[in-house]
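Some structures to go through are shown next.
Both complexes shown next keep chain A, but they swap its partner, so chain B is in the first and chain C is in the second.
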Partner chain A sequence: MRKVGTVLVILLAIGLCLFSCVLSPVTSKGATGAIKAIKDTMGSVVQPHIQMPAEFLHIGPVRIPNSLLGTLIADLILIVGAVAGTRYIRAGRPEAWVPRGVQNVVEWIFEGVSGLLRDVLGERAERMAPLLITFFIFILVANWIELFPGFESIGIIEEVPEGAHGLKVVPLGPIQMLTSEEGHYTLVPFLRAANTDLNVPLALALVSVFMTQVYAVQEQGWGYFNRFINIRALKHGGAMGIMDFVVGLLEGMSEVTKIISFAFRLFGNIFAGMVLLAVISSLVPFLAPVIFYLLEVFVGFIQAFVFMMLTAAFIAVATADHGAH
Partner chain B sequence: MENVLGSLDMTFWKLLAAGLAIGLGAIGPGIGVGLAGLGGTQAIGRNPDASGTILTNMILAIAFAEAIAIYALVIALILLFVV
Partner chain C sequence: MEEPRPGAEREPRGLSWREGAIIAEGVAQIGCLTVVVILGALALGLWLDKTLGTRPWLTLGLVLGSIPVSLALVVYVALKTARRIQSPPEKTLEEDEV
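Moving on, here comes the complex of A and B:
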């Protein structure tokens, strides 16, 4: 009986895929040259509108970037989760000893992640865990809320400035809908995932690198900066000392590149995911996007994990005592 | 063919350059990330007890390899949106 069900599901999937291929009107108009055919095809498929900087919502005189709203929603989810998860613990009630519901989830995440951090940082993890776990859960939630319907698809329809690319609008009951035809309107979505706006990953990267320096100074004192400007090696090291000095300067440079690679790794992955979903949804509207949604769930998790683990690893390297020089 | 090439404007070259930048720039990091993953999984297979340390170092190595692809991505984005 189970086998029949499986076969039915597979048949249904294949049927829907074929159906969606028929629905997306790919019509090449005879042999009028390859370029013409491509142009025709591109014209009839709904092309996704992709914009790198965040769109601005105009509310009275204020301009609010829609990625800010996405960030605030992620914050709200985290705050509500934290408050609900620690309710019994803060009240000192005996129910807290046997965690249930949200508290269970919060404890599970916290214990799993801090176990990983203890592997990397040793006993120092105790002090740095709050920052690192915050990185992890914030990036995770901010990445995952992008996958909810309504993100980047519901918003205000505005007129485009003269000369810019716009689309035509059709009324659909009380609301309006953009079509694929040329026109004078564009969509300004209400919500956009935080990490598809370069400012948010850049801010996270700055916090990460700055706090790495702070922790290093706390562990080793101001002598930590000898690593970058190595006067001592220059004085006493001879020819190899000059080498050590240059290596120190290069290490200082790598702190700057760390910011760039942190910011663009997160931004690039999540923005590319957004573009991928938009393109796939426009090409094959049924079923195919589901696979890529699953992929995006995975990518969102991996990026959050990598951001936290890299910060932890850099902190571990920076706070490790280099022995008495 | 000459007619087609002659009618192409800056946008075409920009798009081509951006595509080539990220496409070619992703080859090396792809191989690098694959090698790091290979080494990591083999090491975990041989010594499962050390998987925590190996995982951390593997992710670190992958991140350094991936950084090259990120520079290519930056160039591609600059070509697309800034130039």
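Moving on, here comes the complex of A and C:
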């Protein structure tokens, strides 16, 4: 059994190396086979093509951003995982009492994260956990699928506009590959990780901050907004009252800046990961990218955890008795 | 009123305003640390390689070296945040006067 495991790990490492070399858009001149591609690629030095906005794919009259396809794949994985993980529970079958396979993984994630949220939010966690765990697993899956071969490396080769930087194309069997030579073509990938498009982290940030306000109003009533527009302090407080009023306004502005910090932190980390992988793949295409793929597994997890924990902490702060402090 | 038995499980009360703010500060720092350290190393490495003509070795070395540094920083910030939560809150001026 151990031998099988060792062989699998070796095969996985070789496969990752081959994929990082052969499927990278930064490839070789006139290669006709995988081995030749590896040899040539190791010698090529080319600036990777990095574009901040998502690329659009043209399907008939419809323009679809490739990050949307990445988001839909993440959604599909989550839906399939949820259906498979709760199959026995929904059917009321006795196997559900002894969880195995996907159900075991799903229960393990939910119990671990729920316990953590209970420590942060106390008895309120039960009501808020579905949103927070959804943030966590969606961001985690969306970050990790970026590491699958084919993401950001397979797509349609299009001509670049006049004056823009492009690369030369060579045929490689039934497909075409970009080379390191200057030319007139660029790659529009079919798939791009959801969080490398600023729109997705921004949407998640808006939901996070909006729901924080909703939970705070549910806990404290409409009086919660006195925290931001503190008319009472103005009426009764004199100079200190004016200061309290201004502090309230600043606190209101900090709610807006939370949206910016949430969105740019997640986008920045995942986009930087994409840039790092592209640069390292172009510098040393053989073996070195594997280490950075492992780093991206860690960064993807940390960012999902940070987004969930920050939302939980902001909810805890918003729903706590502000007067006591 | 019946006292809870020692060792009996209690529902956690959740974080206070102060604890929540400390957690938010620590987690926000952790979220930015990795990217700042690694991208800094990447930019420095690319510039040094271009200046010294050593491409790709300095970039690779610096970026590889930045990985354990960023992980160590993440652990340091996490431990510091945990210590701050466990420490008693500092007294305000009004409390000192009393």
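Keep this in mind: the second predicted complex is superposed on the first by the 278 of 325 C-alpha atoms of A that agree within 3 Å, B and C clash if a C-alpha of one lies under 4 Å from a C-alpha of the other, contacts with A are read in each partner's own complex, and residues count from 1 in each chain.
Note that in this section a contact is a pair of C-beta atoms (placed from the backbone, for glycine too) under 8 Å apart; a residue touches a chain by one contact, two chains touch by 3 or more.
The shown structure was predicted, so the numbers you read here are calculated from the model rather than taken from an experiment.
Engineer: Looking at the overlay, does A:52 come into contact with chain B only (first), chain C only (second), both, or neither?
Structural biologist: first
Engineer: According to the stated criteria, A:320 is in contact with first (chain B), second (chain C), both, or neither; which is it?
Structural biologist: second
Engineer: Answer with first, second, both or neither: which of chain B and chain C does A:74 touch in the superposed model?
Structural biologist: So A:74 meets neither chain B nor chain C here.
Engineer: For A:280, using the defined touch cut-off, is the partner it touches chain B, chain C, both, or neither? Pick first, second, both or neither.
Structural biologist: Second partner only, chain C.
Engineer: Kindly classify A:216 by the partners it touches after superposition: chain B alone (first), chain C alone (second), both, or neither?
Structural biologist: The answer is neither, since A:216 touches no partner chain.
Engineer: By the touch definition at the top of the document, which applies to A:169: first (chain B), second (chain C), both, or neither?
Structural biologist: Neither partner.
Engineer: For A:304, is the partner it touches chain B (first), chain C (second), both, or none of the two (neither)?
Structural biologist: Neither partner.
Engineer: Which partner does A:137 contact after superposing on A: first (chain B), second (chain C), both, neither?
Structural biologist: In the superposition, A:137 contacts neither chain B nor chain C.
Engineer: With the two structures laid over each other on chain A, which partner does A:119 touch: chain B (first), chain C (second), both, or neither?
Structural biologist: Touch partners of A:119: chain B and chain C.
Engineer: Could you let me know whether more residues of chain A are touched by chain B or by chain C?
Structural biologist: Greater contact footprint in residues on chain A: C.
Engineer: Find the residues of chain A that appear in the contact set with chain B and again in the contact set with chain C.
Structural biologist: Residues 119-120, 261, 265, 268, 306, 309-310, 313, which sit in both footprints.
Engineer: Along chain C, where are the residues that touch chain A in the complex?
Structural biologist: 11-21, 23-24, 27-28, 30-32, 34-35, 38-39, 42, 46, 55-56, 59-60, 63-64, 67, 71, 74
Engineer: Any idea which chain A residues touch chain C in the complex?
Structural biologist: Within the complex, chain A touches chain C at residues 45, 118-125, 261, 265, 268-269, 272, 275-276, 279-280, 283-284, 288, 291-292, 295, 298-299, 302-303, 306-307, 309-310, 313-314, 316-317, 320-322, 324-325.
Engineer: Contact residues on chain A for chain B in the complex?
Structural biologist: The touching residues are 35, 52, 116, 119-120, 257, 260-261, 264-265, 268, 306, 309-310, 312-313.
Engineer: Which bits of chain B are touching chain A when the two form their complex?
Structural biologist: For this pair, the touching residues of chain B are 4, 52-53, 56, 59-60, 62-63, 66-67, 70, 73-74, 77, 81.
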